[in-house]
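Handing you this structure, nothing more for now.
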Amino acid sequence: MIAALAGLLADPHARTVLATTATLGASCGLAGTLLVLRRRALLGDAAGHATLPGIVGAGALSLSLGGTGREPWVLVTGAALGALAGIAVVHAIRRATRLPADAAMAIALGSLFGLGTAMLSALQQVEGGHGAGLESLVTGDAATLVRADLHAAAAVAAACILLATALRDDLRALAFDEDFSRSVGRPAGWLDALVSALAIANIVAGMRAVGLVLSVALLVIPAAAARPWCRTMGGMMSLAAVIGAAGAVAGTVASAAIDDAPTGPFVVLACGALLAASLAIAPRARVTAAGAAA
Amino acid sequence: MSRLHAAIEALRAWTPEVDGWIIAIGALAAAACAVPGTLLVARRQSMAADGIAHAVLPGIAGAFLLSGTRDLAWMAGGAAVAAVAMSAGSAFLERRLRVERDAALGIAYTVLFALGLALVVRAADSVDIDPSCVLFGAIEFAPLDRVTAAGHEIPRAALVIAAVAAANVAVAAFAWRPILASSFDRGFARAAGARPAACDAVVGAMATATCVACFESLGSVIVVGMLVVPACAARLACARLVPMAALAAAFGCVATVLGHVAACVAAPIAGLDSAGVRELSTAGCVAASLGACFVAVAGARALMSRKRPVDGARATCLPCAP
Amino acid sequence: MTSGGGAIAIAIDALDVAYGARTVLRGATARIRAGTMTAVVGPNGAGKSTLLRAVMGMLPFTGSVRVLGGSIEACRTRVAYVPQRAAVDWDFPITVRQVAEMGVHARLGWFGLRGRRTRREAIEALEDVGLADLAGRPIGELSGGQQQRAFMARALAQRADLVLLDEPFASIDATTERDLLALLSGLRDRGTTVVVVHHDLGTVRERFDDAVLVRGTVIAHGAARDVMTDEWIARTYGDAPRTGAAPS
């Protein structure tokens, strides 16, 4: 096992892959903490599913304009736009109706993913538009990662760290007590938009490694695993980053060891295993009067 | 003019044996999803629909791997196990981790879905299933898989879904009072002996059975739309559960028809048939049509109830505690 | 309306608030003088909390509300509000000190490196409410009354010109209540306007300058000695026709 790992590390491509997934895991853990504490965990799920019509649309546009339909920047832009559209749809539904957040997310998720499916079925029939590449975007394939992906992941991680640190007081206040934050005039809408943007950036950066459908897991599970150990939001972000990186690397190594295994599911399963371990050995939260009354 | 012509030709090419059954199967799915979908939305458990639709995947894939067949009984059993694992896991996580319910649900079902994806890729080698089919569905082929019943040849999917639809209605009718009480006020229901937890299990079981019945035709993710979106649209139009469910079924049927029509005519109308595009995925178009129906209902409601409070000093509306 | 001039901290005119079809406040009119400690009293469901929330702009209303001479939007940083029970997740990973620090941030700004000063002022606010020794504890570990005091510390840390408190003494024992009232009186002496929704009529008569009687509307407002009479109290708490007339 150690020998296998050493062998992996000797290979430059493998080093790139591992570095990229580790960075992604850390970045997702950090951004995911904000999502979880802001009680918007499943927004990541809606955004992840909503990327599909964006990607297919961008690919189709590129094809029609003479490209290959699979240029990385095209897919990334399409994914980001799709995720933005998904979140915008969720907000629009919540503002226009009194439906609760979970219903709005389920509506956005189902409809946009369906639209993406329909578009994909069309694209697959066009010459040059076969969906093999796109399918790997759904489940992830770390073997396809290149240095550009490492740079992108590092950039996203740096942005997350910078923004989360600079705005941590504002974000903490908003996540803990939205009424107070608004009552003292803080721009809650913009702060929420920032949290969503960080989540989207992570989803898009992790698209090729972890896939779209599972990216929410990498956002939410490390944060959940860190929760029982931390008293402060800052601590939770740091620990979630570590757990995310560890789970991402473990999952990547595991999927590489098994032939033909897609990376995304194994990263999620590794993070799930870390969550289970954390639950097993973490100190039990003291039952508080407030907690018991809840 | 020729695009419209091509579109009409595409519709003319409809046959009762194929297209008729496609619409029938979709309509039956809408009817089957209406009851559990409405109840889930009313109980503020919309994401549970998402969760169940994702979580059944490992159950079904595991059933394939274990049995080597696509036998319905195995699939249903596997799905049931997976759904129970999801509910139990999510409840445990919510308590132990003190995260909100939706986050706990998300963790449980994404882990299960990941397991399912891993299994499906393995199973694709040994059993005749296509991973993308599991995700996206293939209702176009459903009419071809026929069984004989009462002297007629009926697509297997139609029979199964119809049976589940009937069962859903029967179970809901039987357990109506406790379900209604626990949907509205859990605390009171628990104190009055209406067993809200048992009701949750019943509603979850209905949703699971519906997912298993529909997933072969609609795909595991599209079923989410069929469960939740018509119910939400119906919620906007009425406030009583039984009419809501009926309306949800109606919306689902409308979306099915719209979806299949769109699947057939979208390519000709957009001029894409010159690029080689024939039909789009019906399941995808149905899910997108569900969204369109919801938008239409929401828009109609917004137009009909334009009441704005007139205020002297500029009043800002901040969110009150839920 | 009490004579004796002075600025008006809150001016409410013809305020209507409805939750859906249910009207909670209708035609409420009141003046709260700056630099006073004013009590808002009334029976359950009278609309006292709603009145405060309307002043804070937290719900839609018709009518006019002017706070510190202008709209609430213009003076948010000068107003502190302590709700009856904060709608927060009590399991949130945050310490008592960090809750108080939020009040400092509201005043000093949310960016920059004033860590030590922020910490110091937060501890001071916690000392004022008697929670300094619990500063490092997670908020979820405190009792209900202690949590309420933590949110009061947050409001104190804001050093606002106007402080609104909704039933701040609900879970608090008599001794602590006395101490906190003295604290609020001290604020008032230094020029802060303090508005408290309070249920103990005896305390209101003794310790408060002004009072606003609420029952579906403002029954009366003005100096406590003028307004907290048996007749007005009976009109507010008993079965009496609602009027908006204030004693002169």
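The chains carry the letters A, B and C, assigned in the order they are written, with residues numbered from 1 in each.
By our rule, a contact is a pair of C-beta atoms (placed from the backbone, for glycine too) under 8 Å apart; a residue touches a chain by one contact, two chains touch by 3 or more.
For clarity, every value in this text was computed on a predicted model and none was experimentally measured.
In terms of Cα centroid distance from the overall Cα mean, chain A ranks first. Comparing chain pairs A-C and A-B, the larger number of C-beta contacts belongs to A-B. Distance from the centre of chain C peaks at B, each centre being the average of the chain's Cα atoms. Per-chain CA centroids place chain B at a distance of 48 Å from chain C. The centroid of the Cα atoms in chain A and the matching centroid in chain C are 42 Å apart. Centroids of chain A and chain B (each the mean of its C-alpha atoms) stand 24 Å apart. In chain C, 56, 58, 73, 83, 87, 89, 91 are the positions where the chain touches two or more neighbouring chains simultaneously. Under the contact definition stated at the top, the residues of chain B that touch 2 or more other chains are 98, 100, 318, 321.
Chain A has residues 39, 179, 182-183, 227, 285, 291 in contact with two or more other chains. Residue ranges on chain B touching chain A, taken from their complex, read 41, 44-47, 49-50, 93, 96-100, 102-107, 110-111, 113-115, 117-118, 121, 131-132, 135-136, 219, 221-222, 224-226, 228-229, 232, 235-236, 262-263, 266-267, 272, 275-281, 283-288, 290-292, 294, 298, 301-302, 318-319, 321.
Interface residues of chain C facing chain A in the complex, by the touch rule stated above, are 56, 58, 73, 76-77, 79, 81, 83, 86-95, 98-99, 101-102, 105-106, 110-111, 138, 140-144, 147, 154, 158.
Those residues of chain A that touch chain B in the complex are listed here as 36, 39, 41-42, 44-45, 49, 93, 96-97, 99-103, 105-107, 109-122, 125-127, 131, 135, 138-139, 178-179, 182-183, 213-214, 216-217, 220-221, 224, 227-228, 260-262, 264-269, 272, 275, 279, 285, 291.
In the complex of the two chains, the chain A residues touching chain C come out as 37, 39, 166-167, 169-170, 172-173, 175-177, 179-180, 182-186, 227, 230-233, 235-236, 285-286, 288-291, 293-294.
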